[in-house]
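We just call them A, B, C and D in the order they show up, numbering each chain from 1.
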Amino acid sequence: MEILKISKEDFNSFIDEKRTASAPLEGPGDSISGHAEKWKTIGVVKKGANFVFAELNSAAELCLDYDVTVLPPKKYFLPPKETLLKFIPKKAESYAAVNHPGPIALIGVHHYDLAAIHLMDRAFSEGERDEHYMKRRENSVLIGIYPTKHYKYRFSSSVIRGQFRKAADIMLVAMNGFFVVEILTEKGKNYLQGAELQENDFSLADIEAAANKIKDDQKIPLPIELVPEFLEKNHDHSAWDYFGGKCFSCASCVLVCPTCYCFDVRDEVDLTLEAGKRVRTWDSCMLEDFALTGEGFNFRAGRGARFRHRIYRKGKHLFEKYGYFGCVGCGRCAGSCTAGIAGPVKVLKYMLEHKQ
Amino acid sequence: MSSKPKVAFFDFACCEGCQLQVANLEEEILVLAQMVDVVEFREVMTGAAPAYDIAFIEGSITRRADENRLKDIRNRSKLLVAYGQCAVSGGINKLKNRRPGMDEVKKEVYGDSAGMPHLDTYPTKAIDEIVAVDFYIPGCPVNREEFLWVVKELLLGKTPRLPNYPVCVNCKLQENACLFDFSIICLGPLARAGCGAVCPANGVACCACRGTVDNPNKNAMHEILLKYNYTVEEIKKKFDIFAVDPEVQSGKK
Amino acid sequence: MDKERGNTQKKRNSSLYLPEVATLINKREMTPDDSFFEFQLKNRSLGHLPGQFAEISVPGIGEAPISISSPPSKSRKFEMVIRRVGSVTGALHALKVGDSAGIRGPFGAAFPMAALKGRNLLFISGGIGLVPARSAILYALEHRQDYKDIIILFGCREPAQRLFTDALAQWQKREDIIFHESVDRTNGAPWHGNVGVITTLLPKLGKVNPVDTYAIVVGPPVMYKYVIMGLHDMDFSDDHIILSLERRMKCGVGKCGHCQMNDKYVCRDGPVFNYDRIKHLQEAI
Amino acid sequence: MAKNNIHIEVNHVTRVEGHGNIVVDAKDGQIEKVQWQVPEAPRFFEAMVVGRDYSELAVITSRICGICSIGHTLASLKATEAALGIGISETTRSLRELLLHGETLQSHILHIGYLVVPDLLRVNSVFSLAETHKDLLLAVTKVHRLANELCDIIGGRTTHPIRARVGRFSKLPEKKELEELKSRLKDILPDLQKIAETIKALADNFPAFERETEYLSLTQAGEYAFYGGDCITNDIAETIPVNRYREIVNEYVVPQSTAKFGKFNRDSFMVGALARYNNNFRQLTSLSTQAAEMLGLKGISYNPFMNNIAQVVECVFAVEKSMEHIDRLLDMELALEADKIEVKAGSGVGAVEVPRGILFHEYEYDDRGVCIKANCVIPTNLNHNNIQLDFEKMAPEFMELGPDELRFYLEMLVRAYDPCISCSTH
């Protein structure tokens, strides 16, 4: 849409202003404008040896030069635990929806995470629209960047295409003390109103170069278009027993995955039993009881079957449904798996090497 | 609820740290005291009652006399909840059972007086080795939130079901750095979650104080141990601290 | 054969998960574990089709998917049969007439009753599978002239677990229905009918025209494999076998992931499936 | 029935930690038997730890007592560090002292607010105070909650601390947390004042009973001792280093108790807040000195019921000291220390003052750092004998009041010691 630039200092003071603003905001889209709320501003910060997305207390905390965050930004749109409804226990007349997110800005979202958000957007808007997720998305501005630091498990270049641009409102590229600012949406443009934006003197080629600066060590070992069919044919591959035998069913791989969104719903009440809420929490298909029914049948009782399901969801089911590979190649699952088995690259390689 | 359920708290051999967690509920314990009728709780009140709707049992059993007292409580209770790892598995008190025999144990502590009758003891038993237990609240100590949650579930007539997934889930949600990344052997992948991964979050390996998940993948653990040059015995010894046997499915939920 | 769906719940701006209120107007015990419930919505009919389900909830306890067992109706009333297995079903059993519950739905794909017009219908229901099947059976009986033969096979574990005993007795008597029933074992109860698993009823049907007949099969997971084998023996083709599957479910609208088998969401793509559409799915049966 | 025939049998005194019984028999106005019995089930910790790795000892012995788990953890760490020859940094020391003060505050306020006040008001439990003394209860819960949160922030958990390890802390508090903690500590001083005033108003209900005994505690130059120091009593002129603790505690087994008894220069001694106060009161901080004066504690007291009052004074002390340590920590560069310990054979003793008095742990390790011998001497151990001797003096003096009152005051005396009975039996 538009390509401008801003100095890093100006950018930082601008987001700090947004963060602390108390006057009514001209926000993106109808849902935000008129709110007298400040922008909750989320950015990448350091936590011990790792990076995480967290609310910024100051723009100075931002670390845009990072390898990967522990959890993906999905936690802001599908929180690990959120209240869907409130009620008075045992009084069905009292059910009321809870859904009024304030505006948030996410700064420094890597392109693969944006691709994942695009996929989540599809999942939560298509069919029955999930207002809880969608309102949060509508009330958010996503400011993306291209990875600038190597991460040994990343393989995003072999699986994502341009879809990340469908989620991003703004893309940044850091260059010589400046950010090149690519404004992709009206929302992004509104957000940046009042920022010290200057004419751009960089070429598109510069952006391209920056976007592709970091080369991945890993890649999906076959053309992704062929993956669904490959998986379809290998439902009974020895890989499932092999990996199932090593898997702890700990769900680390799912919790850190930006394209996993399975959830559980349950009721919580106050100790007085006078008020309660229906909450949604993250759940995971890798956990043993995930498919256990009330009458005690477990439809995915085996570790291998659960492991296979996760891989199929990424490489086949989501791919076929949305037209984009269901894994964005962030490598988080590979990096967080204690057993060292969760990465799709590793799994596909094993399958190719061990033709059943 | 028509009339408030009569609730009692009892303790056997233990450090009473779990009932302290109940006391640590602060203002909430006053709310709790309005929701239920606390009829017996020796540590904080004077009073006794003939029967209970819910009896919370803390501690493990180490003597015949305590065994009888426990059976008597069971007979007078509709629901019996074992809370704290001492009650659930025998907990730390079972370390005693790892020693060659009770005589040696007694001698170690009481020396020449070890033979005196009032010092008698037998190998530590968990509560469900003696009476039927309806619900378990594991942990050393119990997690206050989980205790309250169980109480609420019972008040609502629900069946409290403990998390059946490993501590790693709690860890990931807190975005802790995994201890294996620092070559620290953590029992988290086998241990039952629900503690909020307090130990890894504080830089210390999980030692499975809440027992294991129903179906821990011990083969996977064996492989990891080999990778880090540990023996199975060394790990089993870690599980011994809280009397958890990853080889035996406890069936405790 | 295309999916048939009722008019799903009115679009709600606030939340997909916000239930409406339904009042319990009638309840009776059918077996020690199963009770019959009749609910009434405030100001609309549920608008379901046979085989659909709704999410029913008790605030503070939780929500559970339950089949609607009454046939489609313009009235505000609908019926369910609920087996007490855990927390939510237990709390529902504790409801008294006049109490209310939360309702979302109807959800899911229905039995293709319109597409089956002019055919023979073979209902095979095991245990609580009779509950969803009942809405289709009653629908077919209400539109008796639309269908040719109606065959009903019902089996359950023991006589004490028979549901809708009055209806079973009626169907037994009706001239325009072929009805057979069996129990796995009598367990000491007086019983003069067949004893044996439900597939032992199939040979009693004699020659059934597999081309003109559709089998509607609902029962516990273990039942499907054997019933399908039996139907294959009777030369049924896979597209003439219609199943209703059960899975764990949380949202009912194809998001939470619990009911997923391969790429299908049982809550949206099912629970009613044509067997030929799912037989290749390793996680289906 | 003769008027002065009394039989009292309290089977498990309530509102104390653990199981203790009181038995009194009197015929014709003559006490025939008065006994403090400890039937608590022993857990045999000294045998449990044999064969375990040095790194696990504090984790295990922390479970001796839920209420003073921090004290056990610290005594255990000190013993292990003494045995392995490990020093600790300023930061670690300050954090440990902070933890210890948090625990003292937590334990004392719980005892005073939940267990003693009901006696002073003659009700069965703190639950009955929810309506009549709401303000007091809210002050008590506020202080108790903060004390717990302090332990949480510094130790990683309120009970059975996680971060305190051999030679180091496995995680450090954030400066922000420390600053906030300090301002909240300041905040509760008025609440403590309110609690102190309430206790003062009720203090007449403590009986005027006295029995002089030997008071044992740690002492050190310059500071009212909790974490460091040597042993002192009012009967000795020179301090005795903690590694010679066996000369002082002289434990022995009696048939009435599964917990061991002890004695030094007299037939019994007393440990705990009053013993610390009696030995070290000149070293109290300014606010705690004021609190002592306000509560009528001046100089040495021989009334064991004053242990409760000394606890109130120590609450104020703990808050003041905690704030000091926080200031000290805020001035330091807080950096996580590496876990690098070289094991060797050796033995060592660690002692700290825990809420109920002086606590000793002693371990011996082999060259792989595996424990081969252990001994733990718990403060309530050391008090049992003193309770017994107080009973023997008190029973005849209070018999006049009738059996119900006698029983009441004997129970109240037991509570005054704030005994941790399961801990003493361990």
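By definition in this document, contacts are C-beta pairs under 8 Å (C-beta built on N, C-alpha and C of every residue); 3 or more make two chains touch, one makes a residue touch a chain.
Owing to the predicted nature of the structure, the values given are computational and were not obtained by experimental measurement.
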item	value
Centroid-based (C-alpha) most distant chain relative to chain A	D
Distance between the centres, which are taken as Cα means, of chain D and chain B, whole angstrom	25
Whole-Å gap between the CA centroids of chain A and chain C	38
Centre-of-Cα separation between chain C and chain B, whole angstrom	43
Whole-Å gap between the CA centroids of chain C and chain D	66
Touching two or more other chains - residue numbers and ranges from chain C	60-61, 86
Where chain A touches two or more other chains at once, by residue number	89, 269, 273
Junction residues of chain D, two or more chains touched	none
All touching chain pairs, where touch follows the definition stated at the start	A-B, A-C, B-C, B-D
Chain B - residues contacting chain C, complex	156-159
Of all residues in chain B, those that touch chain A in their complex	28, 31-32, 34-35, 148, 151-152, 155-156, 164-166, 168-169, 171-173, 175, 177-178, 180-181, 188-190, 213-217, 219-221, 223-224
Chain D contact footprint on chain B (complex, rising order)	11-21, 23-24, 26-27, 30, 33-34, 38, 41-47, 62-63, 66, 91-93, 95-96, 98-99, 104-106, 108-111, 113, 116, 118-119, 121, 140-141, 198-199, 201-204, 207, 241
Residue ranges of chain C in contact with chain B within the complex	60-61, 86-87, 90-91, 94
Touch list for chain C against partner chain A, complex	8, 12-19, 21-22, 57-64, 83, 85-86, 89, 100-102, 220-221, 246-248, 250-251, 253-258, 260-263, 268, 282-283
